[in-house]
Amino acid sequence: MNSEIYRETILEHYANPVNAGDIPDADATARDFNPSCGDVVEIQAKFSDGIVKDIKFRGEGCAISQSSVDILLGIVKNKTIAEVENFTTEDFLEILGIELSPLRLKCALLGLNTLKTAVHTYLTRV
Amino acid sequence: MNSEIYRETILEHYANPVNAGDIPDADATARDFNPSCGDVVEIQAKFSDGIVKDIKFRGEGCAISQSSVDILLGIVKNKTIAEVENFTTEDFLEILGIELSPLRLKCALLGLNTLKTAVHTYLTRV
Amino acid sequence: MSLNAEKFREDFPIFKRKINNRPLAFLDSASTSQKPQQVIDAIKDYYEQHNANPHRSIYTLCDEATQIYEKAREKVAKFINAKSDKEIIFVRNTNEAMNILAYSYAMENLKEGDEILLTIMEHHANIVPWQMLQKRGVKLKFVDINDDGTLNLNQLNEMITKNTKIVSVTHKSNVLGTVNNVKEIGRIAHDNESIFIVDGAQAVPNMPVDVKDLDCDFLAFSGHKMLGPMNIGVLYGKSDILEKMEPFMRGSDMIKEVQLTETVWNDLPWKFEAGTPNVEGAVGLSAAIDYLSKVGLSEIQKHEEELSVYAMEKLNEIKGFKPVFNGTLKNGVISFNMVGTHSHDVAYILDEFAVAIRSGHMCCQPLMRRLGMQSIARASFYLYNTKEEIDTLAEGLEKVNQVFKV
Amino acid sequence: MSLNAEKFREDFPIFKRKINNRPLAFLDSASTSQKPQQVIDAIKDYYEQHNANPHRSIYTLCDEATQIYEKAREKVAKFINAKSDKEIIFVRNTNEAMNILAYSYAMENLKEGDEILLTIMEHHANIVPWQMLQKRGVKLKFVDINDDGTLNLNQLNEMITKNTKIVSVTHKSNVLGTVNNVKEIGRIAHDNESIFIVDGAQAVPNMPVDVKDLDCDFLAFSGHKMLGPMNIGVLYGKSDILEKMEPFMRGSDMIKEVQLTETVWNDLPWKFEAGTPNVEGAVGLSAAIDYLSKVGLSEIQKHEEELSVYAMEKLNEIKGFKPVFNGTLKNGVISFNMVGTHSHDVAYILDEFAVAIRSGHMCCQPLMRRLGMQSIARASFYLYNTKEEIDTLAEGLEKVNQVFKV
């Protein structure tokens, strides 16, 4: 049934995101949209010694897109850049552990795509 | 049967048009194409005292388009401009007396449309 | 009810489909409509009996395909009461029609300092093409809405100036349901010697539209929103303006004679139709018009109004249901949000009940910003919808509240 | 024969049709092909089971329509061996694809003094769009043909200059049947740093085409010539070039974010697809590709060659039969004239025998002038054609001679 994807954790991260906010002196910022629904995510990250020191997001959108990015940032914080680069869609979906229809998949992956862009932006600049 | 439209008169006018040629001091010239097949007709006409004094054509195309314009010019020569203006598609098709499919109709009427343009050109100029 | 939706539903094969073991409640016809058997059969019959490339040769099939294509054009002309079928250009959809006008009318005729007057309720199809003109110094101006979701006509009167060369307005809003007084707007535009364009994508499927009565210069609409196939639409234009316009798409069929470096354009309407035409689409649109005409556009409009009244009554009882406007507009479009739940999640949970609604920005981001919303849920009704489906919608919204603990 | 055309014919409902009491001998597939039941059923199934506006919401039907649409894109990508489905833009037909390139590539990148190199055998679709560039001082140059109907590659080598920014060539001529060595032409173009465009309208339906092997920058083709529905076609483009291009059609779906005065474009390929997409067309094209792949493009090519050889033998016996070239090219296209009879009259009399051929200028007026002809008759073959149909064609041509007393 569709509504089963709204697990307690999802709803909790949606209602009370732990990684929402700004990083004033961020090393990299990336922003992406889901063109079909208008969901938006902006990620700001701070790196040092090849490690994700701090990472936050701002966004507007559905429970899936917003809770996913919140969960995602929790995972990657304090990981090495290499680990983030090797972190795949499949890895992330396994952690989320909910079954998603193809269009909902886009919601869930908006944050991950934006994260990859942020890292890429950082790497091509340093 | 299709080939019945190729009456003796049609084939005769196609093989030996009587109104083909140029009028060096023509009062009006008009040229039109059938876009689908490339058939082309150019009509030159000389008027005086409101009468079609002389009228000739040049053209390239199928037996229907070329014989039709030749027959048409024979009909309108020496007629008054008013008579030509009142000469309808129906009048002409009745004289032709052959049954035409819609696309062949375009062939048969290429000359008549060009003639109307020539008369119109003349009238708007004098 | 005046219109027997149950009877019409039988003509639409897709309603035999079950989703999550429930009958499909398709409340998204403002996005695209479903197709009756008559339209599907018309397409099938065309390919099984008459298919050929029209205009190009003179064998029987080619003759038939040409007649079928041009008869469909005549049918469209009659349907919107155009003066002549020369004024009917077959396009892909409303978006393409607007692009023809932006490229072939505006880019050729407007210059720095000129203005295009739009409204804040326009669909992206009637905004983004015009933005192209900005790079040559043409200014876009947007008339606002009133607090009840109607267009602010006073403001329109104030904003129109001697520099306003084009006024382009939607006949009916796909978000608000607002039906604009396009006849009055057209009068204002013409008094100002502006070209007047109507986006008919939402109006033509749902109410009688008469271009002579409206006296618009152009009208654009899409077949797929009015029971017809995808990828066929119409640009109506007054022939004297179309005659003077440059073609848009260039290539075969839109020419009379091609030389290496110059070309004589074909007559109207073919001047604007390049390449192999979409006979199939025209056939399908023609069958759709037959269907709509038999039901009656006024009947459809009335039916949608009845459903809107019923829905507002029913939905207003649900906790957290917030319509975009307080339901003063009853035109078959109900845009709303559920407090505490994003529209996307609303749509997703409704799918469990086989209820299909649109969620997101509705291709109207400027309007969304004006409304202070990022996203919206929309239920829209058509001739095949019933009160039972609205009951199911209500049931689904209760579940939304339950899942999101509202 | 290697390919069992009789068996394939059974899949095409239109061949049940009789014209003048004779079975239809459709020898005009180079204009448009007939459709197998599989394609017609795919369209029907889409509308009866899955129809929705893709990309826009998240209910089941919308999800399905989106998957169906994007899967069709993947299928096309594989069919022509593109690197990624991002490189596949769904268009209306080959004409539109060329217009995208003329408006969004050439108008943005070419300037006075630049040149576009075409050939004299191009279809209007690959000539007329480029003429637009002339008004900004871009020059069009046309490579000639040799006496045997092949392209004059020496001349191409001579005509290409540092100013040649675009080389656009048909893979296969719709009049001559010539298959150009586009791989070699591409090499020449790229050595010269020119963009290389291939008009694949005739090649893609009739022989294996591999964009990686050809290394073309763009390839355009039409679904309706390859068993697919009307109004779906493909523009393939290398993604790095497409990325840098401005969009063509503007409006909904091709955007990420719309502000009143500016807009963020969507990613590839959607940046080039404005408005409600043609899922139906994509579904039909996908079914057509399945059909063609099962038969095998090389098999089809061989079959057409066999029919060409047979036809030239048979037709050369007929008084007054004059092929445009002496039958050295056996690629399923036979263009000819009958001495003393205009091609239009030839086609008309053949219709009495239910033989459908094309007559006229073939949308190739510059080539016609080069050949010194005003009009031409053309028989073209596809997988469903048989030797018996060629016999009927011969019978019909005898009748032509009889009527016109040749």
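Going by the order they are written in, the chains are A, B, C and D; count residues from 1 in each one.
Just so it is clear, contacts are C-beta pairs under 8 Å (C-beta built on N, C-alpha and C of every residue); 3 or more make two chains touch, one makes a residue touch a chain.
All values derive from a computational prediction rather than experimental measurement.
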| item | value |
| --- | --- |
| Separation of chain A from chain D, taking each centre as the mean of its C-alpha atoms, in whole Å | 45 |
| Centre distance in Å when chain C and chain D are each reduced to the mean of their C-alpha atoms | 31 |
| Distance between chain centroids, defined by C-alpha means - chain A, chain B (Å) | 75 |
| Residues of chain C touching at least two other chains | 20, 56-58, 60, 62, 253, 255, 257, 344, 348, 351, 359-360, 365 |
| Overlap residues in chain B, where contacts from two or more other chains coincide | 36-38, 40, 104 |
| Pairwise touch network: line, ring, star, complete, or other | other |
| Chain pairs that touch, as defined at the top of this document | A-C, A-D, B-C, B-D, C-D |
| Interfacial residue positions of chain D with respect to chain C in the complex | 13-14, 17, 19-20, 24, 26, 28, 31-32, 34-35, 39-40, 43-44, 47-49, 51-53, 56-62, 92-96, 98-99, 102-103, 123-125, 127-129, 131-132, 134, 140, 142, 222, 224, 229-232, 248-255, 257-263, 274-281, 344, 347-348, 350-351, 354-360, 363, 365-366 |
| Residue numbers on chain B that touch chain C, as the complex places them | 33, 35-38, 40, 101-104 |
| Chain C partner contacts - residues on chain A that touch it in the complex | 1-3, 5-6, 11, 36-40, 60-66, 104, 107 |
| Residue ranges of chain C in contact with chain A within the complex | 20, 341-345, 348-349, 351-352, 359-361, 365, 368, 374-375, 399, 403-405 |
| Complex contacts: residues of chain D adjacent to chain A | 55-58, 60, 62-63, 66-67, 253, 255-257, 264, 266-267, 270 |
